[in-house]
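We just call them A, B, C, D and E in the order they show up, numbering each chain from 1.
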Amino acid sequence: MRSHLRIPERFSGTKGRIVSLAVIIILIILLPLVANNYVKEVITNAFFYMILALGLNIVIGYAGLVDLGYAAFFAVGAYTTGILTKAGLNFWLTIPIAVIFSLIAGVVIGGPTLRLRSDYLAIVTLGFGEITRITARNLKITGGASGLVGIRKPSLFGYPLTHSSDFYYLFFILVVLAAIVAFRLHNSRLGRAWQYIREDEDAAAAMGIDPVRTKLYAYMLGAVFGGVAGSFFAVKMTAVSPETFAFTQSAMILMAVILGGMGKLAGAILGAMVLVLFPEVFRTIGQSRQLVFGIVLIIIMIFRPQGLWPERRN
Amino acid sequence: MSLYYVILQQLINGLILGSFYSLVALGYSMVYGIIKLLNFAHGDLYMVGAFVGFGTLGLLGGILGVGWLGIAAALLISMLAVGLLGMLVHRAAYQPLLNRRAPRMSLMITAVGVSFTLFNTVMVMTNGEYETVNTSLGYSGISLGPVNVTYTQIVMVVATALLMLALHWFIKRTMYGKAMRAIALDPDACRLMGINVTKTIGLTFFVGSSLAAAAGVMAGVYYGSIQFFMGFIIGLKAFTAAVIGGIGSIPGAMLGGLILGLLETAGTQLPFIGSAWKDVFTFGILILLLVFKPTGILGKSEIERM
Amino acid sequence: MSKKSMRLAGGIALSLALILSGCGAQGGNTPAGTGGQQPSGGEIKIGLPLPITGSEATFGKDMQNAINLAVSQINAKGGVDGKKIVTVTEDDACDPQQATAAANKLVSEGVVAVVGGYCSGAVIPTLTIYNAKNIPFVITAANSSKIAKENPGNTFEINGTLEYEAQRAVELFKSLGVKNLAIVEQGDAFSADLARLAEADWKATGNPVVAHEVTNKGEQDFSSLVTTLRTKKPDMVFWTAYYADGGLLIKQLRQGGYKGPITVGDGSADPKLIQVAGPAGEGTYVLSPPVASYLPAAKQFVADYKAQYHQSPGDYSALAYDGMNLMAHALKQAGSTDGKAIIKALAETKDFPGIAGKINFTAEKTLKGSNIIVLQIKNGKFTAAQ
Amino acid sequence: MSEIALVLNNLEAYYGKIHALKGISLEVPQGKIVTLLGSNGAGKSTTLKTISGLVPAASGTVEFYGRNITKEKAHNIVALGLIHVPEGRRIFKDLTVRENLELGGFTLKDEKLRRKRVEHVFELFPRLRERQKQSGGTLSGGEQQMLAIGRAMMTEPKVLLLDEPSMGLAPLIVQEIMRIIQQLNSEGTTVLLVEQNAKVALKLAAYGYVLETGQIVMNGDSSRLRQDERIVKAYLGG
Amino acid sequence: MSILEVNKLTLRFGGLTAVNDLSFRLEEHAIMSLIGPNGAGKTSAFNCLTGFYKATVGEILFLGRSIAAEKPHRITKMGIARTFQNVRLFKDMTVLENVMSGMHTRSSAGILAAILRPPGQIAEEKRIRQVSRECLDFVGIEDKADRLARNLAYGDQRRVEWARALATQPKLLLLDEPAAGLNQDEKNQLVELIQKIRNTLGITVLLIEHDMGLVMKVSEKIVVIDYGEKIAEGTAEAVKNNPRVIEAYLGKEDES
């Protein structure tokens, strides 16, 4: 009986979803035709946080692991690309290298700590984040405290990417790719394994799932998202400095995930959008905007503790 | 200076720094212990405490002077005011989420929101200015060769120790203290004992926040300068200290604070580390410690996830 | 489900509409891609990218106040060629990402020129954004040596570069007979740069740097650092960062038994340094930017500032004031609001009489000559060092 | 003549989204043991939780000696003399046995009285006195159940709600617990007993109610219920 | 031959000895029960067998291979499945997804396959679903496959757990108090199911149980432990009449 009713319901749901998604995508594609650079810049920034939020969502939302130092992965990608392009390497070639380094960072952070309880994991990841930032600040190769400047913007098939619109579209494509990868990961054998572990680690182990290895995969994949986003960040900003990767940055990305709704792809996207757009919309109130932001954050959490668009099925 | 004096002086330095960390970590750990919340706003309560103390000193300074009497009054008033603020934060921001049994992550993000709110409120109110805390405390003290300890430092450490002892007594001996420990274990069972759980959690916030305020006032008096973002670093450090000791454990927080203070001091002094790398050193030791003793030094080993 | 997605779509559309309208009011009707727009209604719009929130907010506000004071004075005298100057402040929060957004916002609001800039890290990524629209930028505080390297041509620095300051510091140390130097910085771009330059210059004189230490911003306890420094036996401790923590360091150096001289860089040249350090501050040498309170030419400015804002001007207030006046002067010289003309006028600046000293530019568009002065704390006051 | 200690009137409650109680009415006369039987998920525990205020009632009333306590907070109900010993004992594992008992007397304002009551519980359960400094978690299952009941006795309640006191205990221990419940009852405490183990419960209680999917499907004197074929088949193991 | 051989197994937590010098053998295709009073160490022994606890001393051989040092997920992969005393489902996932977890060790798609979705991965997903549905069908709740686990009645939640264990395609199934919380009707069905698991799937079954009636009905062999030690072993009849068992376990229960 139920399944009879469910099929058309589902169908219409999917259809509605496809239509609204198509509308959104068309809007996004057409926007640069009417918007000025500021709007494009803000939305590009939102795209950027969406990629990071999708990556962190793998760690936090899918696998249920805390990470207060996600900016470290982002830093690894940004510095790898920054250093290598300054050394003369083509930007696109630095991406696979950034991926490799982020993977290594994921293993280094995940490896020794995955057996820890969540709150301890919180401080350890925070510690790794700080270690990364301080190391970047103290080393010569990373440009020390003032970081790397003068990173060249890349070109694509001979076309130099310099305009706001170029990066707008580039980051939009990245968001789409990231969303597809995140979606597919979530709906796969590995994605289910993450969910099992998040819900009950012992039961998952009893089903033959290796908790440590599975969690490590989450860290590694999260790290890759962060690393790739970092690579693009470096060339978009043309500068990388250690303070960009401070704890507040990690907290921002974490907020995007939780504000939107942990574990939910659309939630991470929505959260990143709210987080970037909110302070911009309230730019006019000047110094109080962060105060208003804080209050709004509390209010949202009180009324939507599961996030704006939570993962919840009936 | 001979090596002996350097070690002695650094031990003293570490101890004083550590006792501040301990005092802030205690509140962090208490709140964590009872509702499993990483209260990122705790450092900001410390900051607000410093400002309330500063304001009180300004108001009462004329009557009580800016010596120990005035400072003691400022300390008490700030502890009371910030304690109440902590209760307000709990009631307004955290309890609604606890009532809905919200995920712990949401609670944590709410704490970030509270931190933002407190931090920016003070920023707007002080116009982002640094304030200078003027007291009549001098630098006289005890000197052992090149080793210096001022009377102010001695009083601060003694006051910190007294506050910790008082807290220990409160937690171990009074019914409310026992209730707090019981709520940490099983809040529903506590309701069935006739314990008003919400009120007791509020009381925990009061105690934790007033300890942070005490540390804030003392820091203001001791260092002489306060500003709206002074809570951020100490918040992170207190969190670290609480975890080193075993989060949720009161003696653990005290121990963790002292260890952190000593570690940082050692990191500054040690060759090849120095001040530039001292935080890397501290976090490195923290991570190693957790890898080998995954629940902190005095933490209970229990398995649960967020 | 579909309802939800519709709601999301609606939400996105709404927020897009909000930002579009937030800035579109002015930005929307200006033709895209052209430089200096013709301002309507006899106004010249000038953008101020400054840190208004975050830990550097104090400095941002000091600068904002000074610039607005300059603007009100200029407008009171009839403005520039009969046009009133209006300012638009955008918060960069000392963060590169926010700064880029702020810069784009200013551009889309149609600013003709930009004055301000405090954190080098936040300033650098914005230079090309302004340059793409030929918008001139007078930087009144940020002075990392990397700015000149990245300057696409539209940017002018009126704060003396750190190279000059480092040289001035080394001269001072030599004159005081220092041999062993200890440097303490704060790990940010500015103080690290100054520390690095000073260390190189000092070593070039053949003398050793016995310690180069780093503290964290907002960290209040330097006692272990002090003990460490004392074991290195320096003849001079040089603090290259800001006044709040600098005051604490001085106090704790004295408390910890350090008896040698102390010098602080221009980030610490603020009366609050004396307040924080208290009696311990006596005798400290201060490398100061031309701070208003100690400049004979700035007496009137200080008085006006106090009258207007009921507080003393901050570290970079005088330079910010000069920056605005310089920009107004250049606008007059250019005789139009065309960006290229203003940039040309700025580049041709000759002996502009700022309250902080005469302004001339090098080929790199940085301030020619050093405007650093050496002060010393005596009887709780900054006085010119002899 | 016996007064009615506890009356439930058409009580409804939700447990999350599940309609757990669909109109429960029952009476517990003073001085008696009344048992509530039913399979897992029938709503027995929810009934007790609704009485003691842990779960809010959606409609209907709970009256305690004529006083409507439906909307009272859990901690206030305790002060009235109605104590709920929850399923799974729920003792404070990291606190000592003595501290557990002291917390049972949280509502007592007088420290001396509290100490006296602890002594009284120790007389009732000498094994707890031996272990008073041990932490609750180190006790065996039976001892934990004793502690849970002893903790509830600290306020000398008029009515005791016991949820599955025999759960997970070996038969020998179950017998001892039941003996204790009987003793408390004979000393004047009214008991509402929820049990899986119908055999044991009906032996102890004077009256029984049978709950199925949130509704009372049968009630009567224990002796009558013990004879009922349906009961025998479903709960006593035919 | 014996599928499982436990030799002198001892488990200590600090000062407490949970399992003491326990030895027994389990023959292939048998149904055996491990019984004992509460706190006797039954679940601790179970946790040793499945790798959740590491035995302090002793040897555990599964099909002749030592598994005492193996991790739980490895043991599952070798062919031992278990259920938990208090049902531990993935509550916010559907019944089908719960059972699919059992197929984890019997499938192989990795990260790249998840992202690229080659035909092999799609076929594997299909197979996982199909086998899982078969397992649900076997325990009789196929119709509830798409419901959230948390919304199921207790008895059905138990069934999901059994289906999930069966989906790991074990050779040996360990059931930890499977009858707890079931009514008599459901207990009778459980007995049938246990027999069906052994008879049609050929899986050896070892259970811990409190319900003596059920134990007596279903087991071919019973091991009784008390205070972590084995006090008796044998058929239901033999154990029932063993005076040590009566004293430790049954007490004077049957007076009514």
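Everything below uses one rule, namely that a contact is a pair of C-beta atoms (placed from the backbone, for glycine too) under 8 Å apart; a residue touches a chain by one contact, two chains touch by 3 or more.
The shown structure was predicted, so the numbers you read here are calculated from the model rather than taken from an experiment.
Looking at chain C and chain D, the chains that touch each of them are B. Among the remaining chains, D is positioned farthest from chain A, on the basis of C-alpha centroids. Simply put, of B-D and B-C, more C-beta pairs touch at B-C.
Among the other chains, E has the CA centre that is most remote from the centre of chain B.
Separating the CA-averaged centres of chain A and chain B is a span of 32 Å. If each chain is reduced to the centroid of its CA atoms, chain C and chain E end up 71 Å from each other.
Across the assembly, chain B contributes 120, 123, 128, 276, 279 as residues in contact with two or more other chains.
For chain D, residues touching at least two other chains: there are none. Interchain contacts (touch definition given at top) occur between A-B, A-C, A-E, B-C, B-D, D-E.
Put simply, chain A touches chain B in their complex at residues 60, 64, 66, 112-113, 115-120, 122-124, 126-128, 130-131, 134-135, 137-138, 198, 201, 247, 251, 254-255, 258-259, 262, 287-288, 290-291, 293-298, 301-302, 305-307. Against chain B, the residues of chain D that register as touching in their complex are 52-54, 73-76, 78-79, 83-86, 90-95, 99, 102-104, 106-107, 151, 155. Note for the complex: chain A touches chain E at residues 2-3, 6, 181, 184-185, 188-193, 195-196, 199-200, 202-211, 217, 221, 313-314.
Interface residues of chain B, counted against chain C in their complex, comprise 1, 6, 9-10, 13-14, 16-17, 20, 120, 123, 127-130, 132, 134, 139, 146, 148, 150, 219, 223-225, 227, 229-230, 232-233, 264-265, 268-269, 274-276, 279.
Across the complex, chain D is touched by residues 37-39, 151, 153-155, 181-185, 210, 213, 249-253, 256 of chain E.
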